[in-house]
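Presented below are the structures under discussion, each in the form of C-alpha cells.
Shared between the two complexes below is chain A, which pairs with chain B and chain C, respectively.
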Partner chain A sequence: MSGEASVDRERGRTEPAGRQVRPRKPPPQPFTILGLAGLVAFTLVTAWDWALGIGFDPLALPGELADSNPAMVEGLFNVTDADWRAQYVELLRTHFTDPDSPWPLSLDSRIGGGLVETVQIAVLATIVGAALSLPLAVLNARLGAPDRVTHAVVKALNNVNRAIPDVIWAALFVVLVGVGALPGILALTMFTIGVVVKLTSDVVDGIDRGPIEAARAAGASHAAAMRTALVPQILPAYASFSLYAFELNLRGAAVLGFVGAGGIGQAMSYYWSQLDFEAVSVIVFVYLVLVIVVEQVSISIRRRLG
Partner chain B sequence: MIEFEGAEVRYPGGVRALQGVDLRIDDGELIVVVGLSGAGKSTLIRAINGLVPLTSGRVTVGERTLPGLDRRALRELRAQVGMIFQSFNLVSRSTVLNNVLMGRLHHVPLWRSLSGLYRAQDRELAMEALELVEIVEKAYVRAGNLSGGQQQRVGIARALAQQPSVLLADEPVASLDPPTSHVVMRYLQQINRELGITTLINLHFLDLARAYADRVIGLRDGRLVYDGPAAQADEAVFEEIYGRSLTADDVLEGQGGL
Partner chain C sequence: MTRASVRGSGARAAAQVRPERPFARFRWTVTVVLLALLAWSTWSVDATWGRLLQAPGRAVGFVGTLVETASLEPLGVALEAMWESIAIAWIATLLGAALSFPLVFLAAANLTRSRVRQPVRQVLNVFRAIPEIVLAIALIPFLGLGPVTGAVAMGISSIGTLGKLSAEIVESIDDGPLQAVEASGGGRLERLRWAVLPQAMPEIAAFWLYRFEINIRVSAVLGVIGIGGIGGFIAQAVERNVFERIGLGLLVVILATMLVDAISSRLRRRLIEGPSPAAQARRERASTGGGPTGDDAA
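Moving on, here comes the complex of A and B:
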C-alpha cells in the first residue's frame, strides 16, 4: 500500500481516501513536442528553394505536368483509347508468338529467359534465406537466445545486414562470385534473412511463456525448450513473413540485373542501353502481370495461414 | 525425501516470499500447501525444482541439494520432478502427444528433439501417461482445442512422462469448474497412491485440501504457520493460516453460484 501512495505523490496527484479520482490526461512529453517541431522545420528547410533545399513548389506542379513531353503523356493516358490499346496488345502478341521478332519472349530469349531466371532467383533466395532465418530469429530475441552475448552478436550482425541495401549486396556478390544468377540469389538471401529475422523475432516477445517454463521444469535444455515450446508458437507468423519476403524478393530481383546479378533486370538494362524503350515497356508490362499474379497467390496463402 | 533448511527467498524489490522455512517431506506423501495468494505457495513449490532460486538456506531433493548445482545437475533434478501448472502451460498449437513428449526432453538427444523424431520408447511412455489420465484418444488433437479439464489432464500426462519421483502442482484446479476440479484432484490422488510419487499441491480451497491431502502445510507471509495431518486441519486452523474468518470463496462448493 505504501508503494502505491508514493507513486501517486510522484505524479503530483492527491487522492482523497475512499473516493476514486480520474487521472488527468498527462501533458505531451517534451520529446514529442521537439520531435514534431523538428519534422516541420526539416520539411520546410529541405523543400525551400535555397542552397540546401530542393526547391519543391507544390503550386507549380500542375504547370510542370502540363509542360511534359506530349508524346509520353499521350502514351501514358491513352489507355482509354481503343486504337492505342489494340496497338499495344498487337505489340505484345507479335513478340510472344513471332520467332523473328527482335526481342522474342520465348523461354530461351533475353526477356523470357530473364523472367524465368528472376522467379528462380526469388524462389531459391526465399527458401535458403527463410530456412536460415528461423534459428536466427529465435536467437535474435531476448527470450530465445541462450545468453546475452549470443543475443547481442546476432542482433548486431542482422542490423548491419539490414543496413546494406540489396543492390549493394548484389554488387558485392558479383565481385565475389562473378556475373550471373548466383550473386542475385546470395544478395536476396541476405535480404530475406534481414526481413524475416527482424519481423519474426518481434513476435517472440508476445508469445505465451508458460510452455517454456514447463519445458524448463521438465529438465529440457535451452535449445530443446525453444524448439518444442517456442517455435510452434511463432511458426504461423514466420511462414507468413517468409511469403511476404518472397513477394519483396520477386520485386527486388528485377533491379539486381542492373549490377550484373541476373534476372529480368539484365534484359532491361540491355534494352535501356540500346535506347529500345519499346522493349523496356514490354518488359515492365509483362513483369507487372507476373508480380501481380504471384503476389495474389502469396497473399491468399498468407491469409489462410493467419 | 525433500528437505527445506532455513529456506529464504527474497525477490528483487525486497518482497520476502519465503522466510526461514524448515520442512521435511517423506517419499510418497501427498501434501497440500494452503495459504492466501502471495503467501509464498508458488515460491515454495518452485524452490524444489529450482525455477525460483533460494536467496539463503538449502533445499534437498533426493541426493541433490540446491543451491549449488551446475546447469547439468539442475536439469537432472528437474527431470526427476514433474510439474503441473494453473494455466496448464501447454503449447496450444501442438498436438497433445507432442506436448506430452516435452516430458521426455531431458532423456532425448538434442537432434531428436530438434527434428521431432522421437524414439518409439518415448512415444510409448507418452501414450501410457495419456492412458493413465484417460485421454489417449485425443493424442493427435491440437492441445488448444481441448476443454480446460482435458488440458490439465494432458498437463498431468506430460509430468508423468518424465517418470518423476516427485510431482509438484501449482494451483492445478484454479482455472477449472468444481466438478472438473474433483476429477483432476482424483487423478493426482490416484497417481500418488498407485505410483507412489511424492506429491505437493498448492490449493486455496480448504474443502479440497481436507478431502485429498494426507498432510496440510499452511503458509502465511512466507512463513510456515501450520504443518499437520489433513484430518486435524479444521476451520479454526484455516482461519489461523488465512489470518481472517472464512468466506464462501474459500471453499470450492461455495463457487457453484458463479
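Moving on, here comes the complex of A and C:
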C-alpha cells in the first residue's frame, strides 16, 4: 500500500494527470463474456429437474446422502458393527483359501477367479494393444505418415475408435465372439490402441527432426528412417503411456463383466443381483487393493522410464 | 572407406568404428517379464481363442444386419440418452472442478509447505486410485440408481486427476509475479489473486474441459450399471438384439463424442493461446477510437 502511494507521488511530479498513471482496464473479451454466459446456461439446463436436465440439486444432496437405504448400507460398509466385521473376515477366508490346498491363498472361488481373470484381461489387452499402437502412432502423426491419405485415414479411424466407450466395444464383441474373457480382451485392446496412439502421436509431433533428416540424407527409405531415427526418440514416452494404459485397463476391466465380457465385474453383477451386498463389498475391497498395488508398481516403473 | 576394408583392418579397428552395444539389463528384464506375463495370461485365461477366427465372418453379418435394419425411428430416444450422458458428464466435471480447486493450491510446491502438501497429495492419490464404478456402487445406497449418482461418483473420482494436474500447472508458473506481490506486502490471498490465478487459470480451465471429454466416455461406461445415458441404451439394445437401436446408438455416440471433442479442443486452444492475432488487431482498432490506452510507464 505505502509503496503504491509513493509511486503515485513521484509520478505526480512529472505527469500532471493522475489518471494516466494507471491504464484504463480493458473491457472483458467477448470470448470471456460469451464463455461465462454459455457455462452458466449449460449448467442450468443440465442440472435442472426437467426433460433436458438430470435434476441435480447441490443443496438437497446432504439430505439425500443422510437418507440412505439401511439394508444396503449394512451390507456394504457397516464397519462399526463387530458381527459385520467378523462375517467380512469369514467371507474373505472362504473366498480366498482352500482347506485342501497347501497354499495360503487360493484363487479358485468366483471372486478370486474373477480377480485373476481381470488381471489376465488387462495384461493381454495392454500387450497386444500397445504392440499394435506403435506403428499406428507413427502413422497417426503428420511427420510419421508416408503420405497424406494414410495419415488422414489412420487419424479418422482412431478418432472413431476413441469415441466408442470400452463397454460398448465389449458389448459388441460379446455379439461377435460370445461371452467370456475374449470379448473383454478385444474391447480393452481397442481402448488401449485409442489411448496409446493418441498420446504417443502427440509426442511424435514434438520430436527433434534432425535425426530423421540425417537418415533421409543417408538414403534411408521412409520406413527405415522412422525405425532408426523416430522410434528411438519416442520409445520412453511410448513405454510410459503403455503402462498408464495398463492402469486404465485394470480399472476399466471391472465394468466389462456387467455386459458379459468376463472379469471381476461378472462376480460383482452376480452378487448384486442376489442382493448379497456383503459379498459385493468384499469384491470391491479386494479389487481396490489390487488396483492400488498395481498402480504403485506402475508409477515407480514409469518414474524409472523417465 | 568401405565396410570390407574396415573389417579387414582387424578386430580392434572395427571395435573402434562401432562401439560395442552395452548390455541393457533394464530392457532385457522388461522384455522377459512382459513375455512371461503374456505367456501366462494366454495359456491360463479362460478364453476360447478359436472364436477369434469366426469373428470376421460374424462381423460382416452383424454389420449387414445393422445396415438392413437401419432406421431413424429411435433417433429421438437415442439423442435423449446421449444428451443425458453429456449432462451427467458436465455436472460431474463441475463438481470435480469445484471440489478439487481448493486442494490445488494446497498441493502445489511453490505455495504450500511440504508438511501440508504431502498429506493433501496423498488424499488426491487415493481419489485417483478409486475406480468410478466402485464409487458409484458405494453411493447407490444413499442416492439410488440414477444420473445424479453417476454425476456425483464421477465428480468425486475426478478430484484426484484434476487436483494433481492442476497443481502441476500451478507449480510451473513464473515466479516473478509471486515475488512482486510478496514484495509489495501481499498476503496469501493476494498472491493467489494477482500472481497465481492470472497465470494458471487458463490452463486449469482448459484441463477442466479436457476432463469433460473424458467424463463423457466414463458416463457412457457407468450407463451399463444403470445410471442412464447412452451407455445403458446401447448395452440394453445389444442384450435384446434390437438392431436398429444398436446401429443408431453407435452412430449417435460416435458423432456426438467427436463433435464435443472438436468444440472442446477449439475452446481449449483459445483458452491457452489467447485470441487469434487477427481478432486481437480488430479489437485494438476498435478501442483506439477512445483515446490512448497505452502508457509506457505502466
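As a working rule, the second predicted complex is superposed on the first by the 227 of 306 C-alpha atoms of A that agree within 3 Å, B and C clash if a C-alpha of one lies under 4 Å from a C-alpha of the other, contacts with A are read in each partner's own complex, and residues count from 1 in each chain.
Criterion: a residue touches a chain if its C-beta (ideal position, glycine included) is under 8 Å from a C-beta of that chain, and two chains touch if they have at least 3 such contacts.
Note that the structure is a prediction, hence the values are computed from the model and not measured.
Trainee: Once the structures are superposed on A, label A:168 by its partner contacts, choosing first (chain B), second (chain C), both or neither.
Mentor: second
Trainee: Have a look at where A:82 lands relative to chain B and chain C in the superposition and call it first, second, both or neither.
Mentor: Neither: A:82 stays clear of chain B and chain C.
Trainee: Residues of chain A touched by chain B versus by chain C: which partner has the larger set?
Mentor: Here the partner covering more residues of chain A is C.
Trainee: Identify the partner contact of A:59: answer first if only chain B is touched, second if only chain C is, both if each is, neither if none is.
Mentor: Once the two structures are laid over each other on A, A:59 reaches no partner at all.
Trainee: Which partner does A:215 reach: the first (chain B), the second (chain C), both, or neither?
Mentor: A:215 contacts chain B only, not chain C.
Trainee: Can A:228 be said to touch chain B (first), chain C (second), both, or neither?
Mentor: The first partner, chain B, only.
Trainee: Hey, which residues of chain C end up touching chain A in the complex?
Mentor: Against chain A, the touching part of chain C is residues 26, 30, 34, 37-38, 40-42, 44-49, 51-52, 54-55, 58-59, 62, 83-84, 86-88, 90-91, 94, 129-134, 137-138, 140-144, 146-148, 151-152, 184-185, 217-218, 220-225, 228, 231, 234-235, 238-239, 250, 253-255, 257-258, 261, 267, 270, 275, 283, 287, 293-295, 297-298.
Trainee: Would you tell me which residues of chain A are touching chain B in their complex?
Mentor: 208, 210-211, 213-221, 223-225, 227-229, 232-233, 235-236
Trainee: Sort out for me which residues of chain A touch chain C in the complex.
Mentor: On the chain A side, the touching residues are 1-4, 11, 15, 20-24, 26-27, 29, 31, 35, 42-43, 45-47, 52-56, 61, 64-65, 67-69, 72-73, 76-77, 116-117, 119-121, 123-124, 127, 159-160, 162-168, 171-178, 180-182, 185-186, 239, 251-252, 254-255, 258-259, 262, 265, 268, 272, 280, 284, 287-288, 291-292, 295, 304.
Trainee: Considering only the defined contacts, which chain B positions touch chain A in the complex?
Mentor: Going through chain B, the ones touching chain A are 49, 51, 75-83, 85, 87-94, 98, 101-103, 105-106, 108, 110, 113-114, 155, 158-159, 162.
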